[in-house]
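Below are two complexes that have subunit A in common, paired first with subunit B and then with subunit C.
Let's look at the complex of A and B:
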C-alpha cells in the first residue's frame, strides 16, 4: 500500500490534534503562510494573535505553567523567530514545556542570506532542550515523527522548550504521513527509577536527623508531586521551604510551611536552612538566589537531592545521597520507607522563629506601600487568583504577600528574570484557565515591555487584571543603587511614564487609577467585576520602598537585612 | 583542591547536522575547556565519535559528562579516566632543511619511528603517530630545525580489551 502523503502544514495540524493542542499563540509571516492557510479551515485549533512574537512565547509559557500541558507558539522566519528568543530562554531556565514552530525560508535558500532568513536553530541551541531544522530529505520524510518527538521531549524528563524550524516548501509541500508510535520515537525512554538502596539510605538519614528541612523546587510542579510532599512533611513533621518556582506546591498556610528562602525570602526560611543538619531537596537546583555565598550555605547540612536531571545532582552543592528520579515517584517511595517522626525541639524552635520574624513593612510614606496593595489584592481575591508577575520588586512582593495554597497558580520568570513576562503569561494563563481570576502583579517599568498585548487581551475577551505598583522607578535597580551604590540613582527614573489608564482605554481595556489607601479595596473590587476585557489598575505607591528581608548577592544568612522597624 | 588534569572523554553522537555545534557550544557556554577534539565516523554509520581532551578536576569532568549526556543527539559518553587505553595523535611537521642535514633528520625520525612523507627542495615533511607525550618530545627535538609548518590531529582513544 502506498504511503499516504499529506501537506506538511496538514501533518503539523494532525500532530497538534494528537497532542490535544486546541490553542496556540502565533504570529504569521511569509514563511508560515502555508501553515496559516491550513489553519483557515481548522475550526478546532484556535490561534491567538499576539501583537509581538515575544508575547507569543511568554503566553505559551504561561499557558503551560497553569495547565501542565505543552504550550505552543509560532512565528515566521528571521525576525519573527528571533523575537521568540527571550521567551524560549525564559522557558528553558524554568524548565517549561513549549513547542515553538518557526517558519524558515525555502530549503534551497537556507544558507544563502535569503530574505528574512536567520539561523534560528543555531541561535536557539543553548536555550532549547533540542531543536530541529527540517531540511534534508530524511528529515522531511520523518516530519510527523519529528513533531511528535518535539512534544515528547518538551514534556518528558526535565521539561523545556523545543523548536522546530519548518521551511516554506516543507509546510507547503508533501510529506509522508506515519502513524503515531511514541515508544518508537527517537529519544523515548522510561523515566529514571530511584535506587531502593538510596531511598532506604535517605530514610535512615531523615530518621537520624535532628534538624531536617525539606526544600522543594519547580520539579515538584512538573511532576505534580504536591500531595506527596504534603504527606511526606506531615508524616515526618519536617518543615518545608519552597523556592520561587515551587510557590503553591506546599500550602503556605500550612503550619509546616516556612515559606521561601533566599535573597528576598522569609528570614525564618533562610534561618531554617542555614541551621539545618539535613536538607532534603526535591526538584530544586541550589540557585544562587537561594544559596548566596555557597561556601557558607547550610554548613552543617547533609543533603539528600532528588532530581530528574542527573546533571543537577552535585552541580552546585554536593549531595550526600543523590537520587535521579521523578519527584512524585521518589517522594512516594520515601514516604513508604521513612518512619513517622514526632516534632521535637527543632520544630518547636522553628515555630518560634517564624513567629518572631514575620514579614513587615512601614506604611508611613505619603503614598501607600506597594505591599499593602498586594495584601488587599489577596483579600479581595480570597487568595484564589492565578498570579503572574513581572520581574523586580513587584515579583518579590507578589511572592511575599500573596501566599498560595495550590500549585499551577504562579507564573514568574524565576531563572532568567524576564521583565515583560507577566502580561503575556497572564494572557496564556487566562486562555488556559478561563474560569479563574488571573492577575499580573506588575511594575511600571516591566509592564511597558509587552504593553501592546493589551490588544490581544481585548480581542480575545480575556478579563485578566494588571496591577501596576507604580513607583515611577525601576525599583529593584534603584533599591540596589540605594543600598550598595550610595543612592546614585542612575538610569532608573521613569518620570514621564505614559498615562496607563488612557493607554488601557486606547487598547479597548478598562483602566483604573488609585492613589488612596482607602480606595484600594473598592478599586480592586471594580476591577474584578469586569468580565470581558483586561483591566489595568495603576496604583501610585511609595516611590522608594525597598524589598526586605534581603540577603545581598553573594552574602550569607548572617548578613540578612530585615525591614527597618516602623517609627509609628 | 582536587586535581585539575588533562582527561579524555569519548562522545558517541548521532550523525546529524549541527551535532558538533551543540557539543562545542555546550563546552563554551559552561566554561569547559577543549584541549583537543577529533571527530570521525565509527563502525556504525549512524554514529560519529568525538574524542574530547579537556583539562578538569573530577567534579567538573563529571558535570561535563552529565551535561553532554543530556543532549538529545548524544548516544553515550565514555570517561577514559583510569581506563587502560590506546591513545594516538597524528602529527605532520615540515622543517626547512638543506640537503646536508637530511641524514641527521632521518636518523632522528627512526628513533621516533616517524616517516618521511615528502621531500622538497629545502624542506622535509615528517609524519609521526603516537601518544601526546611522544609527539611533544619529537616536536621539541624538531625545534633545533626551522619548523615551517606543523599540524597535529586531536587525540583519539580506545579502551584496551574487548568492549563487548
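Let's look at the complex of A and C:
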C-alpha cells in the first residue's frame, strides 16, 4: 500500500496537532517560508508574531510555566535562531519544556557559510536538553518522528528545551506520513520508581529528626506535586521552605510555610535551614543563591534528596538518602511510609523566629518605597494574579511581597537571571490563560530590553500589566556597588530613560504614571480595568532602596544582613 | 623579582589601553567611531523594532544619526517571496499594528518626523540632517507591495534572472 506523502511543513503541523499545540510564538524568514505557507491554511494553529525572536522564546517559556504544556517557538535560520539563544538558555536553567523549531539553509548548503546560515545545533548544545538537524536529504523520512521525539524529550523526565533545526528542503520536501506514538526512546531512560527501602530509610530519618525542614524546588511544579507536599507537611507537621522556583507550590499563608530562604530570602527561612538537623529536599538542586558558602551551609543537617535527575543528587551537597524519582510519585510513597508527627519544641521555636524576624522596609524617602507598590498590587489583585518578573531588585521584591497560594502563577528567570524575560513571559502567560490577570513586575532597566513586544501585546489584544518600579538605576548592581564597592556607581545610572507612558501610547497600549503613595491603589485599579491592550504603569520609587535581608555572595547565615530598623 | 599583583578587572583595563581601545560598546558604533560624519540607518519597519530600545543610548550619548524607515507595514522581503513563489499566500508578514514611530522616537527624547508625500522627502531629510545633538527617526510611508528587482531566485542561475513584476 502506498504511503501517504506530505510536505515536511505539513507533517510539522500534523505533529503539532498530535501534541495539542494550537499556538506557537514565531518570527518568519526565508528558511521557514514553507512552514509559514502551510500555516496559511491551518486555521486551528495560531502563530503569535513577536518583534524579536527573544520575545518568542520567552513567551513560549511563560506559556509553558503557566499551562504545564510544552511551549513552542519558531525562528528562521542564522540571526533568527541566534536570537533564540538567550531564551533557550533561560528555559534550560529552569527546566522548562520548550520545543524550538528553527529554519536552516538547504541540506546541500549546510557548512558552506551560506546566507543566514549558523551552526545552531553547535551553538545550542550546552543550552538544550537535546537538538536535531537532518543533514542528509535521505533521512528526511525521519522528520515526523524527530518532531515527536522532540516533544517527548521536552516534557519527559527533567523537562527542558529541545531544538529542531529544519533545512528548507526538509520542510519543502516530501515525507512519508505515518501515525505513531512514541512511548520510549532508545538510550533515554525514564526515571525509576523510588526504591522502597530508600523510602523507608527516609521515613525513619524523619521520625528520628528533632529539627526537620522540608525544602521544595522547581521540580515540584513540573511534577505537579503540590497536593502531595501539603499532605506530607501536614501529616508530619514539618515546616516548608520554598526556593524561588517553587513559589506558590506550598501556600504562603499556610501556618507551616516558612517562606523563601537564601541570598534575599526571609531571615526566618534561612534560619530554619541553617539550624535544622534534617533537610528533606524535593525537586530542588542546592543552587548557590540558596546555599551561600557551602562549607557552612546547614552544618548539622542530614539530607534526604529526592530529584528526578540523578546528576543533581550529591552534586552540591552529599545526601544521606538520595532518591532518583519523580517528585509526585516519591512524595506519595513517603506519605505512606512516614508516621504522623505532632509539632514540638522546634516547630514552636520556628514560629517565634518567624514572628521576630519578619520582612520589613522603611518608607521614609520622598519617593515611595518599591516594596509598598508590590504590597498594594497584592491587595488590589487579591493575591490572585499570575506574576512574571524581570530580574534584579524588582524580582526579589516580587518574591518577597506577593505571596502565592497555588503553583503555576509565577514566571521568573531564576537560574539564568535574564533581564527582559518578564514582559514576553507575560505575553505567553496571558495567551495561555486569557481569563486571568497577568502582571509583569519590572525594573526600568529590565523593561527596556524587550520593550518592542508591546506591539505584540497590542496586536494580540492581551491586557497584561507591566508595573515598572522606576528608580532610574540598574538597581541590583547599584546595590552591590553601594554595599561592597564603596558606592562607586559605575554603569548603573539610567538617567535618560525613555518616557514610559509615551512609549506605551506610541505602541497603542495604555500608559499610566504614579509618583504619589496616595494614588497607587487607584492607579492599579485603573490598570486592572483595561481589558483589551497591555497597560504600562510607571511608578517613581525611592532611588537607592536596597533589598534586604541579604546574605552576601559566598557568605552564610552568620553574615545575614537584615533591613535597618526604621526610625519612625 | 616579585610580579605586580592587580585584579583581573584592572588587567583588562590595562590591555585595553595597550590596544588603544577607548570605547567599549555594543551600541551605535559607527557614529561613535566617526563622530564628525553623517551616519544613516536605512531600515524597514520590521527590522527597526528589533533593536528599538537603543534609541535611549543614542539620545544619552548625543549621537546625531538618522534612521530612515521605509515603512510598508510588512516584513517586506518575506512578503516578496510569498508574493512571487507562494501565490501571494501572505503568512506571518503583516505588520499592521506597528507602533507610531514618531511618538516612539519622542518618548525616547529623540526627534521623530513623518513623511507621506514625495514632495516632502527632500525638505524633511534636510531638516533631519540639521539636528546635531541626538538621533532623528524619519518614518516614510512607502508603497506596500513593491518588490525588489532584478532577482535571481535562490539556487537558480543568471539565466533565470527576473527583471520586473511582469516576469513574476
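Note that the second predicted complex is superposed on the first by the 557 of 568 C-alpha atoms of A that agree within 3 Å, B and C clash if a C-alpha of one lies under 4 Å from a C-alpha of the other, contacts with A are read in each partner's own complex, and residues count from 1 in each chain.
In this section, a residue touches a chain if its C-beta (ideal position, glycine included) is under 8 Å from a C-beta of that chain, and two chains touch if they have at least 3 such contacts.
No experiment lies behind these values; they were computed from the predicted model shown.
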item: Clash or fit, subunit B versus subunit C on superposed subunit A; value: fit
item: Subunit B versus subunit C as contact partner of A:193, first or second or both or neither; value: neither
item: More subunit A residues in contact - subunit B or subunit C; value: C
item: First (subunit B), second (subunit C), both or neither touched by A:483; value: neither
item: Touched partner set for A:26, first subunit B, second subunit C, both or neither; value: second
item: Which of subunit B and subunit C A:508 touches, first, second, both or neither; value: second
item: Which superposed partner A:496 touches (first subunit B, second subunit C, both, neither); value: second
item: Partner chain(s) touched by A:133 [first = subunit B, second = subunit C, both, neither]; value: first
item: Inter-chain angle, subunit B to subunit C through the CA centre of subunit A, in degrees rounded to a multiple of 10; value: 90
item: Subunit B versus subunit C as contact partner of A:314, first or second or both or neither; value: first
item: Nearest Cα pair across subunit B and subunit C, whole Å; value: 20
item: Doubly contacted residues of subunit A, that is, touched by subunit B and again by subunit C; value: none
item: Of all residues in subunit C, those that touch subunit A in their complex; value: 46, 49-53, 55-56, 59-60, 75, 77-78, 81-82, 85-86, 89-93, 96-104, 106-109, 154-155
item: Complex contacts: residues of subunit B adjacent to subunit A; value: 14, 17-18, 21-22, 25-26, 29, 59, 62-63, 66-67, 69-73
item: Of all residues in subunit A, those that touch subunit C in their complex; value: 26-30, 33, 36-37, 39-40, 47, 49, 51-52, 106, 448-449, 451-452, 454-455, 458-459, 495-503, 505-508
item: Touching residues on subunit A, where the partner in the complex is subunit B; value: 121-122, 125-126, 129-130, 133, 135-136, 153, 186-187, 309-311, 314-315, 318
